[in-house]
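Chain lettering (A, B, C, D and E) follows the sequence in which the chains are written, and residue indices restart at 1 in each chain.
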Amino acid sequence: MAEYLIQTVGLPEWLAWSLMAGLSAVLILNLMAGGALVFIWAERKVSARIQDRLGPTRTGGSFGWLQSLADGIKLLAKEDLMPAGADGMLFRVAPYVSFCASFAAFIGLPFAFDMVGLRLNVGVFYVVAVLGLEVFGVILAGYASASKWSLFGAMREAAQVVSYEVPLGMCIVVPVMLAGTMDLVTIGEKQAGWFTNWYVFHDPFTFVIFWVYVTCAVASVNRAPFDLAEAESELVAGFHTEYSGLRWSFFFMAEYSSMFLVSGLAAVLFLGGWNGPIPVASLLGLSDGTGDTTGVLVRLVGLGNLLGKATLGVLIMMWIRWTLPRLRIDQVMTTCLKYCTPIAAVMFAGAMTWLWVFPGGVLDIDTGSRRPGEIREGWLDGPGGRGAAAVSTPSSVPNNAAVAEVAE
Amino acid sequence: MSQVIDDDPRIIEFDVRTDEMLVNMGPQHPSTHGVLRLVLRTDGEIVSEIEPHIGYLHRCAEKIGENVSARQFIPYTDRMDYLAAMNMNLGWSLAVEKLMGLQVTEKARHLRVLISEFSRIASHLVGMGAYGLDLGTFSPFLYAFREREKILDLFEEACGARLTYSYITVGGLTADLPPGWLARCEAFLDQFEPVIREYHTLLTTNAIFVKRTAGIGVLSPEMAINYGCSGPVLRGSGVDQDMRRDGESIYTAMYDGYAFEVAVMKNGHYPQDHVYPAVPADAVLGDCWHRFFVRMLEVVQSMDLVRQAIDRYSACSGPLGEPVKVAEKLPKGDVYLETECPKGQMGFYLVGDGTAIPWRVRARSSSFSNLSVLAELCHGCLIADVPAIVGSLDIVMGEIDR
Amino acid sequence: MRGPAFLESLEAAVPGGVVGTNLEALDPWVEVAPGAIADVCRWLHDAPETGFDSLQCITAVDWFEADPKKAAKAGWEPHLELVYHLWSTAARVSLVLKSKLPRWKDEVQGQPPEVPSVVGVWRTADWHEREVFDLSGVVFVGHPDLRRILCPEDWEGYPLRKDYEMPLDYHGIRGR
Amino acid sequence: MIGTLFGVSSLLAATSGGINWHSFFFLLFALLACGLAVAVVLADNVVRMAFYLVLSLGATAGLFFLAGAEFVGAMQLMIYVGGTLVLLIFGVMLTAQEPFVAIKTPARDKVLAGIVGGGLLAVLLQAAFTGPAWSEAPADMAERTLGQVTQPSATPLGMALVGVRVDGDVASGERSPADGNVRSGYLLPFEIVSVHLLVVLVGAAYLARTKRRKAVAIARDESTTGGVR
Amino acid sequence: MNLLSDPVGVSHYLVVGAILFTTGVVCMVVKRNALGVLMGIELVLNGANVNFVAFGSPVLRGEQASILGLDGQAMALFVILLAAAEAAVALAITLNFYNNHATVDVDRADDLKG
């Protein structure tokens, strides 16, 4: 599209690129913010239904679907309070740090084939690394608030997130190993076909490790039963005790978009990414790899698939939250160090062995579509594979920190 | 070898050198059940000392009692344990009746049993739901309040109020039940019985719940008695004492002919008259889980009592009797009577000087004594355990501060 | 062991402790000399045949009549009465101890009377004695931490005394 | 702010005929990295120092991404920034008590350090511009779009770490594994680093472990340190 | 020279590396807080890393870098790993020092002084 602007409209190159960069950034930002609004509304409705209530019913019609927006306006109008003893600079910056980390991680998450903010060949690594920075804002907030409850919340969060990164990393390594690449787009691509190609069903070990991933993901985004950093019955509100108004809502948005992100990551890594359980498109002889209208339409369906899977993940997290009591800090650490980490390690070894014993896979149903293993990082094979095509045609990879083909 | 070292008092363990921190939990804190202020001295997450500060809800009820007549004091008793106001009314009425030597009619007796046991269910529902809230799960709270609302609806039909009833009063009750009430009550009980199983699934037997409560805040029976604990807190420690069975005759006479089990672990097991969930392996007698479980059992026992009371009450043909006059003179003398309220033994001490207005009124509240054991229980626990322990004591600040 | 036999053994254990009894009252009571209250309680708690292992309540009753006409008819001298309600969980019996104190120590207005603390016997006495100290103005000698409990720490006066006057003003809050 | 940015950039573009986006982002990240590094030196509060340090390291990671070292960049984010995070936490823990929030440095030390640092910087800068080849960008730089990855780095890096070289002269065909004179991979260093990390983990755990000591010894210890707790 | 339009070369990266290195050294010298010194070390290593990456960068050096291959990046990786290890040990030492002296002021670490 940038080329279109340059060639047809005649814009200067730099302007075209910056326009596209801005558009992509706006798209991702809106996905985050809009997603957060939707999820906050959904959380209210889901919790209400779980608890025999109705939830919001008035604002914006019978389902109260404008409730989050109304809340947002209320938060905007609220006074931005800061405790007298707070470290002003850090206190003000902390919510944005959290939010930016969450936002930056979205850049690496593919929403459909090649619909990605920036296609990195270390995609998974990047997403996990950046997501881990979210805790940074929380610690700063806890420290800067000059409140003991905030400090407790921050220290809990730090201990918890740093610990859970270990099993989380091990879980993520397994799909990377199966795909032979850290490129999220290729990982998603390799799970094309019937749902049996999804990595969660690849072998028993990946099935187990998927659930370990779910546990660790819930813990790393601080959702119940691991929401110790903001445990309201113990720490008042934890790290955001002293926050109000817009800054508080930034934490809130960061939390919800992180939930969405880890769910999306789970979908890409384990649940086939943008590929539906039944390869309708490839059965019809369509491909999402082509640049024409059909290709774009198929990709849009894929986008729907991925968003659906990610939303399902978020809904499950809500379900868990409104059902289970909260764990204690030592029990959270025990869960991580004594259960998740060893299980993840064993499953990792198991998956490795499996790959060695059954290199072609056991449940290898020939679907007529691309088979797993056919797609490799192109530069090793030379031209031929689709991955190669994507890498070797520079024009199709707009390279900029935030330029995306989402815009196409 | 290592055992020897462990026991050597001269050897101490130390970790990172840390400073102790004073943290104020409350008076405005989500899990202190009202306006309780706890000053925690913590080393990191570990609480080394805890000091409760009370009195934020002190309304001079005892002083007021010296200025109003015995019947006029009834509304003030409502405001003590406002979650089980019926039981408070009953305690005061019985104390005054003991002083005056009154005997209520048979019908009033059964109605009092019915109402006070029903009120016990309502109170324990709050205790259970709020305990879930303390442990970080929100839904059981609303499930509990859903059922409690139905009980309050029934109370409203009977006396017109939903929280502060002033229904049971000196000499009887202010009104008889409206027609059809008993049928609705039975319908509620039938509907409520399976709901208890849901509570057990969501809380009592939930793995995380058990992890959070089993072995936490263990209160030995000796300590419980020494601290004057009563009610579910005492029975949770395995002390078999229930004023409905062991109390003074004027109170136990009310329960004459009623069959119920005292919810306490005797001979290594809880009563077996109904199917209850098994005690988890981690639970130690006297810990938070047992205190919670005793409450859950009492709900079932109270349901049995309510059913029995419904039968007896409907079998009674006599009059309900009239309450005493508002300005009825009290005889000279003093009485003390403890009744078994949902939170524990509520005692009223009353000194009459021959006028209608008591010379001295004293309310001994169960939560007051139950809370005083908190400092002992919380020694060395984690911050997250503090709400768990406070919640398991099931205190009501209105009763503590009076 | 009830009635007279019980009193005899109590008298033998703490000579001079019991100064009067009323076994006909609704709640029969034993009057104990103020100085001996801790010893009596200790004996009642420890002695195997009694075993009053639980203290239910401590109450102070202020016997004071401001109106001189009524005071003349009252039939008692102004005094404070401490009432202890004991309970035995094993025997399931209760016992009432009473003890008469002067309203003020050494007749000095504002100087609360003193009585031995029973915290060493029952830990629950801790808060109950604090409450009595707070509201009725009795100093329990030997209490580990005798502070006001329900009223603010800087509150003046003892609200449950019959001659207590509500302050006109407390930190700018209108009292009356 | 974004408006200003675009305004400035379009102004510059108008004067010089277009922005090189690589240069633009390089400038952005370089200024951030250097500015925040200076802020680390100037800050007194440990937590603020750590905050600046993390941002500086993050900006450096951005530079790595720009230079085509994606894996190193991600690694930097994950490990370096994560490691600093732990520093930060300790900073918070140790400074939760007032006296240690800021340990002031004498002005004399600052001046001295400034002189030494300035000299060092001068030498280094001079060195940076000595190599003529270093100063000029590759010929095709201008044509290349910003951030375009010439070749993925993660897999060859991983292979190099396990001892197989597929990059450099092997990729360009100057040498081949068959010749037997391929430069070695990094298997040995990799192993050493792994063992090293393990040793460090054990050692750190040992150093910071819960210790047992006789209470008498503690008392003496307290008296020598003035019993400061 | 217009920084925004001219292509960036290795020298530019070297300048950044030099500045990071120098600030790191100054930080190590100036700070009395043990954690501050640690941060100085991190900055120094980071500056070195910038140089490694720049020299090995195919983007910056084109054909010249292909001889080096990924050596520069591999070196940077090892530096990062060792820095992490160093941070762990240094933190443990700091913690121990704090346990014994109740301060993190390195000027107080003079137990060996005669």
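Just so we're on the same page, contacts are C-beta pairs under 8 Å (C-beta built on N, C-alpha and C of every residue); 3 or more make two chains touch, one makes a residue touch a chain.
Please read these numbers as outputs of a predicted model, since none were measured by experiment.
Shared contact partners of chain B and chain C do not exist in this assembly.
With steps allowed only between chains in touch, the distance from chain A over to chain C comes to 2. Counting C-beta pairs in contact, the pair that comes out ahead of the other among A-B and D-E is D-E. Central chain by Cα centroid: A, whose mean Cα position is closest to the mean of all protein Cα atoms.
Seen from the C-alpha centroid of chain A, the farthest chain centroid is that of C. Between the CA-based centres of chain A and chain B the separation comes to 47 Å, rounded to the whole angstrom. Mean C-alpha position of chain D lies 6 Å from that of chain E.
Distance from the chain C centre to the chain E centre is 74 Å, each centre being the mean of its Cα atoms. Averaging Cα coordinates per chain places chain A and chain D 26 Å apart.
For chain D, the set of residues that touch two or more other chains comprises 9, 13, 18-19, 71, 75, 86, 93, 96, 144, 148, 151, 153, 208, 229. The multi-chain contact residues of chain A, meaning those touching 2 or more other chains, are 155. Multi-chain contact residues of chain C, defined as those touching 2 or more other chains: none present.
In the complex of the two chains, the chain D residues touching chain A come out as 6, 9-10, 13, 18-19, 21, 25, 45, 47-48, 51, 54, 58, 62, 65, 70-71, 73-75, 77-78, 81-82, 85-86, 88-89, 92-93, 96, 144-149, 151-155, 166. On the side of chain B, the complex with chain C involves touching residues 54-55, 58, 60, 62-63, 98-99, 223, 225-228, 239, 241, 246, 248, 333-336, 338, 345, 347, 349, 351, 359-360, 362, 364, 368-369, 372-373, 376, 401-402.
Those residues of chain C whose C-beta lies close enough to touch chain B in the complex are 25-27, 53-57, 59, 61-62, 83, 85, 87, 89, 92, 94, 96, 122-124, 126-128, 131, 135, 148-152, 159-160.
Residues of chain E that touch chain D in their complex: 2-27, 29-33, 35-36, 38-40, 42-43, 46, 49-50, 53-54, 56-64, 66-74, 76-78, 80-85, 87-89, 91-96, 98, 100-105.
Only residues 47, 50-53, 148-149, 152, 155-156, 224-225, 227-228, 231-236, 322-331 of chain A touch chain B when the two sit together in their complex.
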